[in-house]
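Take a look at the structures listed below.
Okay, so chain A shows up in both of these, paired with chain B first and chain C after.
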Partner chain A sequence: MTRAFLSGMWLHVVQFSRNPFDLSGVFVWPILYASIAYYLLDAKNDPKLLLSASLGAAVMLMWSLVVIGSSNALENQRWLGTLELLVAAPVPFAVVIAPICVASGVVGGYGIAATLLWGRLLYGVPLTIAHPFAFAVAVPACMLAIGMLGLVMASTFVLYRAAFSLGIALQYPVWIATGLLVPLSTLPAFVHQIGWFLGPYWGFRAIRAATLGSAPWQYIGMCVVVSAGYLVVGAACLRAFVHVARARGSLKLT
Partner chain B sequence: MAAIEVSDLCRTYRTHVGIVRRRRTDVRALDGISFEVEQGELFGLLGPNGAGKTTTIKILTTLLLPTSGSVRVLGFDPAREAGEVRRRVGHVFGGDRGLYDRLSALDNLRYFADLYRVPVREKRARIEYLLELVGLKGRERQRVETYSRGMRQRLHIARGLLHDPEVLFLDEPTIGLDPVGAREVRETIAGLRDQGKTILLTTHYMYEADELCQRLAVISGGRFAAAGTPAELKARVVDRTIIEIESFGALDGVLDRLRALPGVISVSTEQREQAEVILVQSGVGSELTHSLLRELDGIALGKVIAREPTLEDAYVELVQTA
Partner chain C sequence: MNSLRVFFVGGLVSYRALFNWINPWVFVPQTLGYPIFEILFFAYLGRFADVQSDKFFLIGNAFMAIAMTGFFGMGNAIGGERRSQTLATLLASPANRFALFLGRAVPSILTGLVVSATAFTVCSVILRVHFHASELAGLVVAALFSSFACTSFGLCLGALGLRGRSVSLFADTIGGSMLLVSGANVPFDRLPGAVQAVGRLLPLTHGIAAGRKLGAGASLGSVSGLLGTEALVGATYLVLGVVMLRVLEYQGRRAATLETF
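Now for the complex of A and B:
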């Protein structure tokens, strides 16, 4: 199953990298997100706040790439005509879909690097990382946590094609609920509690803590915990929804 | 034990119409079909569009659950023991989709080999063997988007054989292929049959079924119409003569007059290039040509041929009377 997972991740990253349209988006978006970070908080005189905002914008980009990637995951397979072949494979369906979501997270990892780099080049955002080792662990932990949340979302798309639009719309509430767009202290307390259940919340804090010099490991640990939770929920949902789709006959090729 | 056992299989699709007043409609795709496929046999499933061929294959390959009836593949129930069935069967469908176009054939095969649990040590040799088998050796590093339809179809077959399945399901594998591509695919299928692979093939093309299949079943409207060897099915119409008349004009109302002629058993039409060909089945010895031409007076006609019946004539007869 590990081989199927890794092979799937590689295949989907390569498949993504060979689409000029997707690639141009990944090139342009980081510039937009770096600009948001610079202008939104107007923190030109506070390098630490500027870097924090820049990291938030980078994780926003990663979430957007994952949510679009996982929303598209099943629809793309339907369009390519591969969905039934993937369902009919002897490995659990979660092992087929999870790599697609994590592959989007990997592309999102590039998004983080590119956003920080553009921030540095265009706006002089400082790029000092306090704990380089913890940062190197925090980024993949964030990718995993966000990718696995994508898996839970992708599972619903087995049954409902229109769920794709819902997935796209989920970009914005998650930005807000996880404190990526505006500080959580400005929002009602219940929003903070919603954030605890969301991968980007812990991923962002892990990366920010590793960069700015506070304690990152508890957040990295939470990334692993929520990822495991998402995997269990996502795999169970996929199994149940595929069964319903087999009963309804909704796994069509077109 | 038969490789595939289908008994009284039914499948109903439920659809809903309307927004405010939702009305439920049940469409019966399969209505109690039964057949068996022996180990090492190439069995053909024939029928017009919407007959239920693909639904049958989807149930056998675990993609659909039956509404009622019993199905066994190599002794396993595809509904309850999907994992056991998936490990042992391969599924190939027609058309040029079902592959990752931006990747090479080799990348596609490597990925599906991992999904279908081909052992690492065997993977490379297995892929090499299959590329050779389907005639894609030397082209495997090209992106699939540059392949012709025939090459894609052969790649589909290679993909379906990666895990060396005991049973192979081929769902209209030559659909949309040019004659040369279709012949190459048929040769590949014949090679698999000669190796002793159990194959269930669905097709619209009678000459394909006649050339490849050891036994056939005809289904129409989700119901079973007939089964037997190609020779047995042809024998159902052996006491008949087929008269083919090429016509180049409107046939409104004329066909009913032809059907009413004494000695005529059935009348059907098919399009061949510019002409609409009228196919009239009659008993051997009936001299109908003059009566038919009299009824067709005023319509531009081409060649008129009397010939012995083929499997296609038997098929048309079975489907029309089902």
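Now for the complex of A and C:
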């Protein structure tokens, strides 16, 4: 299973890097988010706020890549006629799907670097990391938490043929609920607790705490906890939804 | 006459096919959810940053919803055929290409206008932003101009689908760039000169500027220059798109890339 996971992840990273149109998004989105954050938040004249916004923009990109990448990859499998073969394979389906989600998160790791670098070079956003070791742990923890949330989402994509569109629609609600760029205090009260259940909420806080100098380890721990939770829920949902899709005979429908 | 038949019948069949397989319980939240949450996201970001009013973000992002359907509608018109492996068959037919693909895109664009109007209404209520009837009428006019310009630009993006795959993702990236470049979410005068220069050559920029003035009570006459420029930008991309369709189809045939997937 480890081999299936690692080779699957490598395959999807390579596949992702083959298409210039896919890559255009990876190059453009970090620049875009960092620029919007800068031009809007520069008015506050607070360097820490700008750095926090750059990190938020980077995590936004990571979530987008995971949710769009996993939905697109699943839809591609469906269109290529390989989804049924993957379901029929003796390896658990979760081990086939999880690498797709985590691979998108890994590509999102580039997004973090690009967003921070763009902010530093073009807008002079200060880039000082208070706890470099914690930061080095927080980034993969964030990738894992977001990738595993993508796994839960991917289970529903097995059921629906419009997976790609559904993936696109899930970007903004998660950005809002996790307070990546807009502080939760400015949102209605009922939104505040939704983020606790979402990986980007803990991943962003872990990276931000490691960068700005507050306590990051509790957030990193929460990333691990929610990732484990997502794995359990995602695997169970995948099993259930694959069963439903097989019963309906809808796996092959494009 | 045959081109008109291709446009209407082809477009209608394509649209019916879309609704034949999309579950309404998925279609409605995903088409309405995206623009509604986009408007709310930027409106709350604007509130936090103390930059502009809710009206600014509401109008800018409602226009963005129109742009996205223009880009995606045309992008998918060709990309969808490639995906279904029907592109080569379609291009083997003698049908007028413009009528063929525009017929597939127009229903999506009309859906986009309805979605944009619905998202605008819902978010106006949530954000408690009020408009007079005359302001709303002006916004509709500006939206139609922008829809034309964005569809024309989408034709250029769609034509790229004759040479490459994943044009939808590319259209998404271009659409995302418009969040910044068109001034939808950042006041245009805050952007660097080079970005402003690019923005002026793209659809939506002048339409949004006109929409914001009309939404603030300006008369149609006072924004005629902006609307005229938006129409001119749209017409230019329309001509470019038709040329690209012809050239890239020819190149696609020569390079045998029409069926790559």
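FYI, the second predicted complex is superposed on the first by the 248 of 254 C-alpha atoms of A that agree within 3 Å, B and C clash if a C-alpha of one lies under 4 Å from a C-alpha of the other, contacts with A are read in each partner's own complex, and residues count from 1 in each chain.
Please note the rule applied: contacts are C-beta pairs under 8 Å (C-beta built on N, C-alpha and C of every residue); 3 or more make two chains touch, one makes a residue touch a chain.
Given the structure is predicted, the values throughout are model-derived calculations rather than measurements.
Trainee: Taking chain A as the common reference, can chain B and chain C both be placed on it without clashing, or not? Answer clash or fit.
Mentor: The answer is fit.
Trainee: Please indicate which partner A:Val14 is in contact with in the superposed arrangement: first for chain B, second for chain C, both, or neither.
Mentor: First partner only, chain B.
Trainee: On the chain A superposition, what angle, as a multiple of 10 degrees, is formed at chain A by the C-alpha centres of chain B and chain C?
Mentor: Taking the centre of chain A as apex, the angle works out to 80 degrees.
Trainee: Have a look at where A:Val28 lands relative to chain B and chain C in the superposition and call it first, second, both or neither.
Mentor: After superposition on chain A, A:Val28 lies in contact with chain C alone.
Trainee: Contacts for A:Leu187 in the overlay, against chain B (first) and chain C (second): which applies, first, second, both or neither?
Mentor: After superposition on chain A, A:Leu187 lies in contact with chain C alone.
Trainee: Look at A:Arg248 in the shared chain and tell me whether it touches chain B only, chain C only, both, or neither; answer first, second, both or neither.
Mentor: Touch partner of A:Arg248: chain B, not chain C.
Trainee: Of the two partners chain B and chain C, indicate the one touching more residues belonging to chain A.
Mentor: C
Trainee: Looking at A:Ile176 after the superposition, I want to know if it touches chain B, chain C, both of them or none. Which is it: first, second, both, neither?
Mentor: A:Ile176 contacts chain C only, not chain B.
Trainee: Can A:Leu40 be said to touch chain B (first), chain C (second), both, or neither?
Mentor: In the superposition, A:Leu40 contacts chain C only.
Trainee: Based on the superposed arrangement, let me know which partner A:Val107 touches: chain B (first), chain C (second), both, or neither?
Mentor: In the superposition, A:Val107 touches no partner, neither chain B nor chain C.
Trainee: Just to be sure I read the superposition right, which of the two partners does A:Val91 touch: chain B = first, chain C = second, or both, or neither?
Mentor: first
Trainee: Note down the smallest distance between any C-alpha of chain B and any C-alpha of chain C in the overlay, whole angstrom.
Mentor: Minimum C-alpha separation, chain B to chain C, in the superposed model is 8 Å.
Trainee: Could you give the residue numbers on chain A that contact chain B in one complex and chain C in the other?
Mentor: On chain A, the residues that contact chain B in one structure and chain C in the other are 19, 80, 253.
Trainee: So in the complex, which bits of chain B are touching chain A?
Mentor: That would be residues 11, 13-14, 58, 61-65, 83, 86-87, 91, 93, 95, 97-103, 107, 110-112, 114-117, 120, 159, 163 of chain B.
Trainee: Sort out for me which residues of chain C touch chain A in the complex.
Mentor: Contacts found on chain C: 21-23, 26-27, 29-31, 33-34, 37-38, 40-41, 44-51, 83-84, 164-170, 172-173, 176-177, 179-180, 185-186, 190-191, 261.
Trainee: Write out the stretch or stretches of chain A touching chain C in their complex.
Mentor: 19-22, 24-25, 28-29, 32, 35-36, 39-41, 43-44, 68, 72, 79-80, 160-162, 164-166, 168-169, 171-173, 175-176, 181-183, 186-187, 253-254
Trainee: Spell out the part of chain A that touches chain B in their complex, as residue ranges.
Mentor: It comes out as residues 3-4, 7-8, 11, 14-15, 18-19, 80-82, 84-91, 96, 246-249, 251, 253.
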